[in-house]
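One chain, subunit A, links the two complexes that follow: it is found with subunit B in the first and with subunit C in the second.
After this line comes the complex of A and B, so read on.
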């Protein structure tokens, strides 16, 4: 039942919020609502941990003649994704308070609608329902970026929409094809889709279609060119939703059904996918070194980081897969933190161009400390969340191929290069006319960062809770691989 | 016992948290108490741990001479399990500490020397607005270093390993308004990270080979591996890359001279006594793996020797008091690696210990000089400070004699132990090493003479400002001077009638390695005396040459802009290595970055993507005209399609 509440609650909230007039009330309502949603997710987590591995299943008939059912549930991997989503949304909402957007009701309504769609993606146990939520998530994302975005937002958002939508269509085609290959009577239920019998050629085609859809979403090199523009053009909340949560849909999709459904093709083409992912790591890292826009730099660093996650998924070893799962969570936390920092700097100085900033640490030591901690998480310093993920991913990749791991490992050097460069040029040095009036974080702004910082250190110090939750289901996915 | 051991790193961490959270509100008095206080407590607890280990050890020495290795390992080693950290099936990395003679020795150095330097810092940083922040970082550093030393497996060691790198970054760039300093800090972190990648890959290979990362289990399995095993070779080489980065050896040493941008106590603690020796500690810790890889040992020996000589030659022509000491540190670390390379693990650890004393002393002495000179670091502008700074002068003299290897001060014994081993290993290598130690004597006495002898060469203002440092700074100097003087007693060789206490103490750690490795060449006492005599005579000559050049005559001190003969210019420009790295690494990466972004990303990939989009639009516009509404035409297309499908079916 909790699973259904998790989907319905944000939907309900997003509808109610439209009726509210006062901006302050809208914000408080959105925050309170999203916190309740997080509370429900925590309750689900506790129930999952304490009672049996019942997957918190909920099933209801829907279009039963077609074999479509409303089947929702959570295994360990979906649970972590839901926790991530419901944890980040209140943070994103709280971080948006500093802006007074026009039409606030619509803005917060769309965020909550997005939360509903994302949760739906992570808890669907039915292929068609999964697809519906997957596309549904695109709509609020599109409007948030297109209405509240920066310059050139229409063109950028259009490209983003078309690009990812095209990918999704390939997934739809593959899904329908798969449906007809399921045992009679056909069904979109995941278990049935897993059981579809496919010839090697069919597997390759389906793999190709899925890979395209997921790889665009993640994005994997060379399908990434929508991403830097979109992240930098979107409003802060939009970038956070996209980078923090939405791209995890792609990785989640790969783990959830690309591997089980076309496991032979996955094994066959794993090395190709890893080579693409690793190329992306080095490529995006090198490009990030010279970016002058903070947001764009983080966007490219994100391509490198998720490239490593994707490479880990295809390494198909328990360590790498666990690393991928935990790094999805960590990456979400870190990149949201970075985007909030950038947003604060941009709002106070009017720019996020690295060259015109400097010396912020003199004026805003609290911001400097918070930025440093998040940065350390994202460059994978031990005892932060980033290290656990990257250690496991690189170890798993090493088990697959030493050379691949060595090349992918360059990310720990490159990330230090560009992140420390950005930090040095913006936070350190002397203040200038742009930065000399910057004020430090207020207590309400600290409230945004405190949960993020706690999670960065918690996952870094005690990753066991998160690793253990996902492990049985990671092993189950890997069981499909001989 | 476990509680005590957990408290050793926990106290500095607590200090860091208190100072870090309240860095703007805590009064200086409290910081003075918390900063050094937590380290003092850790030191006392380390002493207790040490005594405990020692008493267990004595039992072993006196009553169990004949028990098997595994049994005595049990006696001297204690593991302390804290909590599970990363655990996925066979991958089990607990948060656990290992206490044995080797980690005990390091504990004492880190907390002991650490405490002395903390006390000194109270005086040195007195007027700095970042006083609290400084001690917060310093406490965090000691915490990380203790994790590095205490870790019972490679990943825990790696936490400390990267942690000290972070603290080094934070402290080099402590005065962060200066972008030069920030550049130095960033360079240090990045060069360390290059090494860290090696360490990381080494760990992965250890895991895939032994299925564990815990020291005890890895070493127990490694014992039975064949000599010269290829996997062990790869593991040891990868770990050594990590050591090269952390301990500033060729080719990853250029960050250390730049790191002198940090406050001087930082240079003493991090960039001389503790962090930079982490590489030596790590290899000594992994001794069994290394003795099984003779090729790696040769690589280590040659790298160490080359670094020792190379850095010493640069030090001769430097004029910045801290830079000279920095190159000297690189050179002395080279000697430690030479020791490791020839299997003289105890010798390397011995030199690590004495070096921690005398180099911390020299840096703090330099700090006292800089303090007195109002920030001046160029020894060409000093001179005659003997009378003005008597305590600094006497202690600095002791440090200089110790590092130059003149008996009976500590450096003589530790360096001699390495040199003797080296001679048994290879004559030519011994000659090179001795040449390096002659250079050491020369540049150190040059530094001493130029700073403290003849007339003052600075400005009148500086002369007026000159003053001896307060007791809070000179007392640490005196304590360290005593340690530097008598530190050699730890391991006096037999020919001096000594008991080789340190060798005995550390013997259990290196017992397995000693059983596997080629036994050291036994030398007659006559040879030993001869070698020692030759080295000493050489050192004496160097001291005299330096005296002749810088005290007896008016020293010839060229300004930076002066023309120099080519070889001198080459060396005084540090062989242009920084420029070389810039040319072959930094610049190409930046060019590559630009190329990938402007050409590949924007002109190639993105245009292709847009091209596909445009093509779809174009196709749509074109195909639109096929929709004629003519049913006959649709039928025709449909039949054509069916035929095509059938045809393809037959073909496939």
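After this line comes the complex of A and C, so read on.
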């Protein structure tokens, strides 16, 4: 039942919020609502950990003639993703308070609608329902980026939409095809889809279609061209939702059913996928070093980091897969933190060009400290959340192939280079006329960062709690590879 | 049969009201009459009946599609009072002819004999030639009716010639007997029969606006008064595709051989060409014309993938397509009224000035584009499942590629309404019209969420 509440609550909130008129009330309502949602997720987490491992299952008939049922539940992996989503959405809402968006009711309503769709993706145990939520998430994302975005937003978001929609349609074809290969009576239930009997050729095609859909969302090189423009053109909240949560849908989809369904093709083409992902890592890192816009730099760094996660997924070893799961959580937290910092700097100085900033640490020490912590998490320093994930990912890749691990390991060096360089040139040094008048974080702004910083350190120090939750399910996914 | 009779009586009644100069009674009587005749139609559910030596066959398929047709007509008539407000001339002729056209459409869904099919098509078409030119003062309307009439009568000749050739080889007009003849041929058909079949397909393809017989559609749609364009794009298309579907199901028990490839290729080209050309249209009405062409292609999928499921898939598809299209035309009417044109720039900033109308148009566009969880997605999904079950993988891939392309133009009005600066014109809409638009939008959402109410009917 908790699972259904997790989906329905944000939907309900997003409908109610349209009716509210005063901006302040809208914000408070959105924040309170998303916190309640987080509370429900925590309750589900506790229930899962303590009393039952019954996957919090909910089943109801929907289109029984077509083998579609409303089957929602959570295993360890979904649970972590749901926790990430429900944790980040209040943070994102709180971070949006600093902006006075036009039409606030629509804005916050769309964020909550997006939360509903994202949660739905992570808890669906039925292929078609998964697909419906997957597409549904695109609509609010499109409108958030297109209506409240920056310059050239119409062209950029349209490219984003066409790109991801086309990818999803390939997934739909594969899904429908798969449906007819499931044992009788056909069903979209994940267990049925896993049991589909496929010839090697069919596996290859289905793998190709799924990979395209997921790789566009993640994005994996060379399908990433929509990403930097979209992230930098979107409003802060939009970039956070896309980078923090939405791209995890792609990796989640790979783990959840691409690997179990076409396990032979996955094994066969794993090296190709890893090569693409690693190419993306190096390529994006090199470009990131050359960026002068902070937001674009972070966008490219995200391609590199996510490339490592994808490479880890295809390494198909327990370590790498565990690393991928935990790194999805960490990456979400870190990138949201980075986007908030950039947003604050941009709002106060009017620019996010690295060259025209400098010396912010002198004027805003609290901002500098917070930025440093998030940055360290993102370059995977030990005792921060990024470390455990990247360590496991590289370890797993190493088990797969030493060469790949060595090249992928460059990501740590590269990310240290561009991140610290960005920090040095914006935060340290002398102040100039743009940064002279910058004020430090107010207490309400600190409130945005406190949960993020706590999580960065918590996951860094005690990753066990999170790793344990996902472990049995990761092993189960890998069981299909044999 | 009761449907056809009741609609004919309704049509005559409307003309009588015109003679008695009761113009204000027209619409209430029509709407009530349509509801009654819809009720009479539904009462025939699960009662298999044949009339006049199997000229008319009333089975569940014909009941279901007749209901869709009458419902579409009901939705269109509900827009009429706004569309024709301020018009001084009597309207009983236009409305009467529309209802006769509807009766023709119903005949096309329940024929058991090729003569009846021809009568139905002609009743529908002749009414439409008149309706297309019903805006007598406008030169575009005259152009539309002339084009439609010249091409339409020419293609009716094809159809009749096709029927004659089929008669020549099989010796009967009756679908059942043709079916017997088909099975006696055992796959080896005489050339005359095949030629007749292809001419018949061409005649119907013209009415449905299938590539390469679609050239009339954009021009005729653009010139025809908008309310009647909605009628053409929904009622006429549904009736014609059902007629084609019925012909193949009753005579061939499915579709195979040479005409399977023919229809396959036609469907693929219709989807691709309709969608690709749709991208380059400068205004909403032409865009909707190409949208309707591409949707004919999707509906053809149901004909190619003949199976017990495909009747149902077609039902869901025609219904969701009709509602979304009528809803879009409903807003198009408002836009043309306020701006005098319907270029996409006229929609700029509508989300600010008319949030409800913008929302309704958005839902209609998203549904036509097939984005979940709206009706259009469910219909497409069901149709694709049907086609895949028949192993039509490549056709489904073409159809899905077409859907991806279609997003490019379905998003044009959405982008204009939500992302462009307003041009300051507020559409004047009375509450009843708003309620009607909202009702259709809700239907689109509800069919998307509760498709099981319609799936499994047939």
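The criterion applied here is as follows: the second predicted complex is superposed on the first by the 482 of 482 C-alpha atoms of A that agree within 3 Å, B and C clash if a C-alpha of one lies under 4 Å from a C-alpha of the other, contacts with A are read in each partner's own complex, and residues count from 1 in each chain.
As a working rule, a residue touches a chain if its C-beta (ideal position, glycine included) is under 8 Å from a C-beta of that chain, and two chains touch if they have at least 3 such contacts.
None of the values given here were measured: they were computed from a predicted structure.
On the superposed subunit A, the two partners subunit B and subunit C do not both fit; they clash.
By the document's definition of touching, of the two partners only subunit C reaches A:132; subunit B does not.
Of the two partner chains placed by the overlay, neither subunit B nor subunit C lies in contact with A:39. Within the superposed three-chain model, A:472 lies out of touch with both subunit B and subunit C [touch as defined at top]. Of the two partner chains placed by the overlay, neither subunit B nor subunit C lies in contact with A:350.
Applying the stated contact rule after C-alpha superposition, one finds that A:200 touches neither subunit B nor subunit C. Once the two complexes are laid over each other on the shared chain, residue contacts for A:64 go to subunit C alone; subunit B is not touched.
Of the two partner chains placed around the shared chain by superposition, neither subunit B nor subunit C is touched by A:185.
In the superposition on chain A, the chain among subunit B and subunit C reaching more residues of subunit A is B. In the superposition on chain A, A:176 makes contact with subunit C only, not with subunit B.
Once the two complexes are overlaid on the shared chain, A:162 sits against subunit B and subunit C alike. In the superposition on chain A, the residues of subunit A contacted by subunit B and by subunit C overlap at 162. The residues of subunit A lying in touch with subunit C in their complex are 61-66, 128, 131-132, 135-136, 138-139, 143, 146-147, 153-154, 158, 161-162, 165-166, 169-170, 172-173, 176-177, 179-180.
Subunit A meets subunit B in the complex at residues 159, 162-163, 222, 225-226, 283, 286-287, 289-291, 318-319, 322, 359, 361-362, 365, 369, 376, 381-383, 388, 391-392, 394-395, 398-399, 402, 405-406, 409-410, 412-413, 416-417, 420-421, 424, 427-430, 461-464, 467-468, 471.
For subunit C in complex with subunit A, the touching residues are 366, 371-373, 377, 381-382, 384-385, 388-389, 393, 396-397, 400-401, 403-404, 407-408, 411, 415, 418-419, 451-452, 455-456. Listed in rising order, the residues of subunit B touching subunit A in the complex are 20, 23-24, 83-89, 91, 155, 158-159, 162-163, 166, 169, 173, 176-179, 182-183, 186, 189-190, 193-194, 196-197, 200-201, 204-205, 207-208, 589-590, 592-594, 596-597, 600-601, 605-606, 609, 613.
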